[in-house]
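Chain lettering (A, B, C, D, E and F) follows the sequence in which the chains are written, and residue indices restart at 1 in each chain.
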């Protein structure tokens, strides 16, 4: 069965990266994976949370959220419900861990970067777009900090990007859109560094359990997709 | 003293209206008043809240919110704080009242339109941009409903737009940006119909109380600004 | 159509002011506008909130609330619902802004007055009675502070009172009771200083939008009502 | 040591009972035990909570609360804190159990009476004044219900009142004011029926544990105080 | 009518006390009253809450909770409901007061012991088992503190235990199981010291009010049961 | 470097499984992985949540929580904090997905099983012990349902167990205790079926990113550990 947008199984959706989309934030990007559209903003603070003071280490943290009408049918706001949902928490923590995985926090000094990833429109892969965009917003915020002397050395050890993979109609596919994601038997999100190692692997059998061969095929596909994204990130940051 | 962007006292900031900015929503618009940027989405439901059932009347309601880094320094998310703040509540209610003021709710039938106004970037006048944009998103959603036969007759009795006015350096000015808003002695938000009547007048003395002459000057200025906005709304909806 | 209590259109309901209704509070008043009955208490603290320290300025803030059976049918407590509602927030903020509008906060020194306005019984105009009473409780608390040397100079630049006006059966009327308020096409709350200037004007079209002539008539009516209230406040404070 | 107001150890403070203090409630009373002042309102609903439907039984429940400046220093509102505190919950439940203890709920039919006991001023004994007043408000609400035919037979099996007792300076005393309450080694609240039996006994050693002789002396004192209150309640209801 | 487990009216259920059930806590006990099973853990902190600093006094506080399936049908978690219920609050406060009643807090020094009483299985008497077990966990934590020199002198003035009593089928009975508790006309929880005095007496008429003779009979029964528990506590601590 | 308890790298900690630990629950188990001790209770309801009605499918869901003193230092209760934390949410969702992965929900019929996994003591691997125990509690609850005719056919397609693996001191190790978990560079939780396939793979680089070879070694180790657990589960259910 062909993919809804006729992509090859190992092909990313069109990726669009607009840096500096916001005027106030120290780093910001509007990133699109097809129709998925995430606004990532990086906010710099020249201090760290109380529990990290006098450690000499910086801190990077993230919050993920979705506008109520990002999706096909409207979702109630978490602020109105009075609490952050489990899925939101889970993704926020994942983004934070992922971006911290490409940094030497000693070189960041006792500064904090808060990353806000707000999904303006969702069509599958919002968390992977968020991680991929967050890295760019963070890179811009770090440049800003270096320009002001807050950070003296390049704290990045590598770059970070993320992609979803899944088995749909028995075929391993890269970068699932919402329709594919809903139909996938196995669904995996993979976060890779620019040099091809793994920061996070999260695979879930939505339907039948998966065997080692399927797992291996998905990991191969994801590694390739992340390598493509790393190249696009580098191009965007070079422009 | 000149205005920060050299506008005439009765001049609006550049207004930019992009209809259909979202793929899923029944109506949507990205509206900009200068650097203030608000995403308005209209979601249609073919039912009304319980308290309104069997009334023959439709319902339109609104929620306003701001992304954490819409502003110059980051604000904590209301979802994380676990409650919607007073200011947010106040503005949400104002938007709802304003857009209901241009509708005959009987002609809407027992349908609900939920308007979400999310401030992506803030530079003063977010609530007035939200009202002005919400009207357009609503108009598009109503067209969608008419196309599907959910609504039989045009429910609009007029259009609605809103603008801020204030006294800065002793001079009454239209459409204050953030810097002017912070410096204003008196601050007023005015919501007008397309035929020049008032739906809401909210004037506050931030510093010294104001007299009737000042009040009259501000009302004149606001009425002119709303007339300009009504024209821009009509053009956007005609295109 | 006559008013429910046969008042003239520009006539206040009977106003009753009982100062010192509480034994513990530094200032307190039970104020009645007809059957509307609000208990206003002023609590003094010889410090200011953290964000205001070392500014040399005092602070005055207010909280409004309603007992569950103040109204015709019982309302659930906000404490039980676990959150303060939008309307409550809105009115609390209005009261705070209004009373701050008649003060020179430098002369208050770094002291805080917290005003609690609790509606014991409601029959329309609870927010305007609350503002009018809060001023008196504040005046008594300031006298108490001056008696203890906490405040050296009179911080009042004027007095403040508030009244509702509205168009009922096509007739502009002063000080609406609940029945009139529910029937009003346009509803406005106006806060004036003792010298006849405006601190706040909040007009809302509940039904049809209103034109400039109606707005002017309502403002005239409100200014007259506030002048009457200012006289009654002065009498109460003189006794 | 004499009592702060020179009362005999077994003497109540002056009790003042004003029935019908509110215009809207089906029953209401402002009750004073000395400077303690509690407004009790009874609200009638012609239905019962879901879990009690089709049982043929009525329901009576109570909520207790305190205005922020009822006490000597201001307390934050529970609505603002976002939750009802443990002490408030405990007293609300006590009031509910106490008033249900004098009723045959079958004779109430499937109706609910909600009792709101709001402490306007506190000087010790707020919960006992609340119970004593709640009975009167309930009696008036039941009369109202009988007048409308909602209730056919007298549901009261007896009356209910409550008083505090405690050991202060080694002396058992009745109806402690705040100063005595704070100094009491043992503190007990006793709820009695009009015919001298017990509905609730809650004794707490604040300092040293108490022995059986002290417990007996306090129970005697409380029984006498409740008998006095039962007489005052009967007089108030007869007038 | 015989008791469900054929006990004599003044007989406790089998009591089982397992000290040191947890590896991390400074004191812990799994206590069983028949099928009621409560895990009590004592956590030591070498400081006191802010409001108690520089008083020279220690602090002991308690939290009670129930696992969702401790009971016959599952109860929702309070964490999921987002608030601690009234009954939970009430019992937590009771446990704290009870254990403080057997201590000289000056001898504890400025240390805090936090007692957590978690009901793993409930069959009536959970609060009395919790108090009885909390005393043992506290005793072990105090030994731990004395071993480390945090506490120099024995702070215990006596021991503390608690038991429920009630009138079932007209018969006063000790240590009610759930079935008896649900059927009891009068229900009382009594907290005693090891030397036979009272720390807390809480009696409630669930059905008909009770007279002084019944009250006396229940107090006698409870005093006997607490004496038995005090002996069992001493044995457990001696082993 | 040797492991803290001298285990071989591919050796589980002692596993202890006590079925039927609770009297009320339809299935229950106290499971221990070394010092980690989790109480799993299964509660049966003969209906499904509203969103699943008339689907013919059953539902299984889980909630994970930790007692405050399960850990080395005390953690505040989530009920007291008023919200369920991100980590708790994440693990609850993981347990639910995992146990649903071994079931044919059609064969469960429109019944719900709620699994409560409460950590009584924590020493690493609480989520994997919870999943492994939850399966057993679920199996017992399903037997109970089959005994009552609620379920007609065996709904299990396989069994499910889970284990943690990680790289410590450069060595891939199975079933990390807390000390090893804190020191691990890479940490992975793997959920397997009884027939050796994967339901969930969650690997995180805590320190340096990991490469494909490390990932493969950890997956091998985990598959072996889960096979051991599947055998222990089968033995426990057979006894």
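Methods note: contacts are C-beta pairs under 8 Å (C-beta built on N, C-alpha and C of every residue); 3 or more make two chains touch, one makes a residue touch a chain.
Predicted, not measured: the structure shown is a model, and the values here were computed from it.
Student: Please report the minimal path length, in steps, between chain D and chain E on the chain touch graph.
Tutor: 1
Student: Could you give the fewest steps needed to travel from chain A to chain D through chains in contact?
Tutor: Between chain A and chain D, the shortest chain-hopping route counts 3.
Student: Pick from A-B, E-F or A-F: which pair repeats the contacts of D-E, with over half of them the same residue pairs?
Tutor: A-F
Student: Whole-Å distance, chain B centre to chain E centre, using C-alpha means?
Tutor: Once rounded, the distance between the two centres reads 59 Å.
Student: Nearest whole angstrom, what separates the Cα centre of chain B from the Cα centre of chain C?
Tutor: 28
Student: By the touch rule stated above, which residues of chain D touch at least two different other chains?
Tutor: 82-84, in rising order.
Student: Counting contacts the way the document defines them, list the chains around the ring, chain A then chain B and the rest.
Tutor: The cyclic sequence of chains is A, B, C, D, E, F, beginning at chain A and stepping to chain B.
Student: Any idea which chain B residues touch chain A in the complex?
Tutor: 22-25, 28, 35, 39, 41, 43, 63, 65, 67-74, 77-84, 88, 114, 116, 118, 120-121, 123
Student: What does chain E use to touch chain D in their complex?
Tutor: By the definition above, chain E touches chain D via 83-87, 89-90, 92-93, 97, 101, 158, 188, 192-193, 196-205, 208-212, 215, 219, 223.
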